Amino acid sequence: MISVTGLTKRFGDYVALDDVSLEVPDGSLTALLGPSGSGKSTLLRIIGGLESPDVGRVVIRGEDQTSVAPQRRGIGFVFQHYAAFKHMTVRDNVAFGLTVRKRPKDEVAAKVDELLEIVGLAGYQKRYPSQLSGGQRQRMALARALAVEPKVLLLDEPFGALDAKVRADLREWLRKLHEEVNVTTLLVTHDQEEAMAIADQIAVMDHSRIEQVGTPRELYDRPQTPFVMRFLGPVTRLGETLVRPHDIALSLDARPGSFEAQVARVVHLGFEVRAELVLGDGEEIEVQLPRGEADELELGVGDIVHVRSTALPSALRVPDAPVPAAEPDALSA
Amino acid sequence: MSATSLTGPRSAASGGSAPAGGAARRAAPAWRSTGALGLGVATLWLSVIVLLPLSAVVVHSLDGGLGAFWDAVTSRQALSALRFTVLVSLATALINVIGGTLIAWVLVRDRFPGKRFVNALIDLPFALPTIVAGLVLLTLYGQRSPVGIDIAFTQAAVLVALLFVTLPFVIRSVQPVLIELDTEMEEAALSLGARNATIFRRIVLPNLVPAILSGAALAFARAVGEFGSIVLISGNIPFKTQVSSVYVFNLIESDAPTSAAAVSTVLLLVSLAVLLAIRGLGRWGARHDR
Amino acid sequence: MTVDRRWQLSLRVVALAYLGALLFVPVGLIFYRTFEHGLAAVWESITTPAAIHAFQLTLEVTLIAVPLNTLFGIVMAIALARGRWRGKGLINAFIDLPFAVSPIVIGLSLVLVYGVHGWFGGALANAGIQVIFSVPGIVLATIFVSLPFVVREVTPVLKEIGDDQEQAAATLGAGAWTTFRRITLPAIRWGVAYGVVLSVARCIGEFGAVSVVSGKISGETDTLTLLVDKRFSNFDLAGAYAASALLALIALVTLLAMTTMNRRREEGDT
């Protein structure tokens, strides 16, 4: 229902988006996931009409909206730092879109009360944003965006400014809200756990391009590029291939396809054990084992063991390029 | 800019704000270096230099008794001067509200060659002696005006002089607020369907109002007491272009210090009222900040 | 909000027109009128004995008033930002008074204290000290009007940087004076500098209060600003312009200093 094709955007010399195309299905919750500077916020803002692309098209519900002003796109936008109208009460904030459309007073009041109920801020009508916590402000911002019944809901790192616990709670709450309200939602985040936990579909972005689009499961199990694999979970390199640490089997004796390694450190993480090993060529790798297994093997520092991949052949990575050196952060997307 | 330090929430907070930490916390090292002795000496300095003389004005104003005070303050000329002073100062404040906000907007949101230069020049009325300002305006808008505009010895001349000296107040008061204004608020309003005029009216302006009013109050206070820039161009015609400060000056020169003190006391009260208003505005403006 | 082009242009034109008519053109005109008759005439005009004496007096008064108020300003700023005592609101209001009170009232107030019929009039006369109609009066008036600048610039700086660094210095063994000298003072130096520049400009530019207090005995109690007024009253227009141009030049230099410092402060050059 949202379809962007061939979007390119430059800010001066800096290329924020490079020929980006994406389909967002109706009613889905799609995450744009990537590190800072990957272009995800720019993409979101172009879809919302807050920026315009140099090249490319934005089609929403079949209509070309590329040069349509944000006021007329029927979108709701939620910002990382809430963008609360700090001089207005919670009620006036949520009612804003409706009063702009000159809806009758009682209709507005009813809608505001209903929405505040949905977001769990019933009774807060007369408070001011400065009297609310961060999480509450963001819920108010959501209510405000939903008040105008948008066709599309756009969220730009909505939980970025909140503490970990609040973030986790709010993320779950957002998923439930989505299932109740069912508006097509596009969420920008750099937190892969967040994306994996609540999105129907994830578009992974890096350096102004989309690397891969798929369900969380697809991306995790069948990553198409080393970047995607690394971004979505821990990765260990065995020889020529990339494997997940939990797909590595440890044995005391050599097996077909196994590599020799020496135990450098054994870390007990409660229910599982992480073994840090050094391969023959000096490379350091990590293996995750359940506790029972680790006990059976009686791993000690200095032991020689053998490791091999137990991932499915189709999931084995092709030889990957050498890991690039850390690059300085570009402007955050 | 010193003017804005009177207007922003900072200054409101600088009075009576409790520092962090409980009573058990040791006094800050810098405080201990100057300590109570420093404060005492500084307060003494303030008292001798400022408070002592100003209180002399109030006291001396009653030298001839309450009757004489009242007569001095309500004489035809005194009242005429006061009325004119207040009216022209209000007009100055009003024009500054509109013009100053507009200029501040252009300086913050617009881009054109030489903007930095223009921005720096705004502070010139702060730095230029008032008598020079008066001479300058007389040259341009007086009898030998190169542009053919002669408003010397008129009430308009007083207004123009006051507009010059009060130019920076509203501008410098509004600029920082405009710069700090969260553009995301405007974008949120955009996304909710508001057009520019609505966004300005309901989002931008309400956040600027405290700063605008503070700047206007400062401009008003300055205008009420202004002397140097007016004295040349207005002609000081009693009952027409004479402002209270000039009237007081005349009283002093004609050796009527008690009457001068009486009218001055009235002016002092106006100044104090405006000062309190500005502090209140500062606090009001910061009420939604967190 | 992105204002559309037409509006943007109109606003810009109105703003620049207002500034032009009120600010740019008048100031430009002063320099033009001054140098209309050539550089030599101007130079002569500002090097007459009266002019030189006025310049010296202005300088002298400034050099007394500014350091005293700077010292006051720093001490008071520390007291306001770091100390804990009651009456801050009142003191703050009093410090703002020189901003809000008319210069004529300021002049009168000094006359009423230090003049012949003033509170200290008798005592001063007996001691043979003349304040009003003499230099000390001008000094007092100038100190009065320039009092708030340093304290108003330094107090917010002190509040903003907080006393963490000072606390750290204390834990490392620095005594109160050392902490002040090596931590606090460097942190506030731009605030102090800016306040000093503003004070100097104010001192040089004061007119109303010194008008009342000086008695205008030419050559003795004329500051530069009073000189402009005197020359104008004596129909020496060229002379008035010349002195004005000098003052305007000083003002522009002040402006330059202010702008440069502002930029430095914004770039965090502490």
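First chain written, first letter: the chains are A, B and C, and each begins at residue 1.
Note that in this section a residue touches a chain if its C-beta (ideal position, glycine included) is under 8 Å from a C-beta of that chain, and two chains touch if they have at least 3 such contacts.
The structure presented is a predicted model; accordingly, all values stated were derived computationally and were not measured.
If each chain is drawn as a node and touching chains are joined, the picture is a simple open line. Here B is the chain whose Cα centre lies closest to the centre of all protein Cα atoms.
If you average the Cα atoms of chain B and of chain C, the two centres end up 16 Å apart. Between the CA-based centres of chain A and chain B the separation comes to 52 Å, rounded to the whole angstrom. One simple way to say how far apart two chains are is to compare their mean CA positions; for chain A and chain C this gives 57 Å. Multi-chain contact residues, meaning those touching two or more other chains, occur in chain B at positions 190.
Within the complex formed with chain C, the chain B residues making contact are 1-2, 5-6, 10-11, 13-19, 27-34, 36, 38-39, 41-43, 45-46, 49-54, 56-57, 60, 99, 102-103, 105-107, 109-110, 112, 118, 120-132, 135-137, 139-140, 146, 160, 163-164, 167, 186, 190, 196, 199-200, 204, 218, 221-222, 224-228, 231-232, 244-246, 248-249, 252, 257, 260-261, 264, 267-268, 271-272, 274-276, 279. Per the touch definition, chain C reaches chain B in the complex via residues 1-4, 8, 11-12, 14-16, 18-19, 22-27, 29-30, 33, 68, 72, 75-76, 78-85, 88-89, 91-113, 117-119, 140, 143-144, 147-149, 152-153, 155-156, 158-159, 163, 166-167, 169-170, 174, 176-177, 179-180, 184, 195, 198, 201, 204-208, 211-212, 224-225, 228-229, 232, 240-241, 244, 247-248, 251-252, 254-256, 258-259, 262.
The touching residues of chain B, counted against chain A in their complex, run 182, 184-185, 187-195, 198, 202-203, 206-207, 287-290.
By the touch criterion given at the top, residues 48-50, 70-72, 75-77, 79, 81, 83-87, 96-97, 100-101, 128-131, 141, 144-145, 147-148 of chain A touch chain B in their complex.
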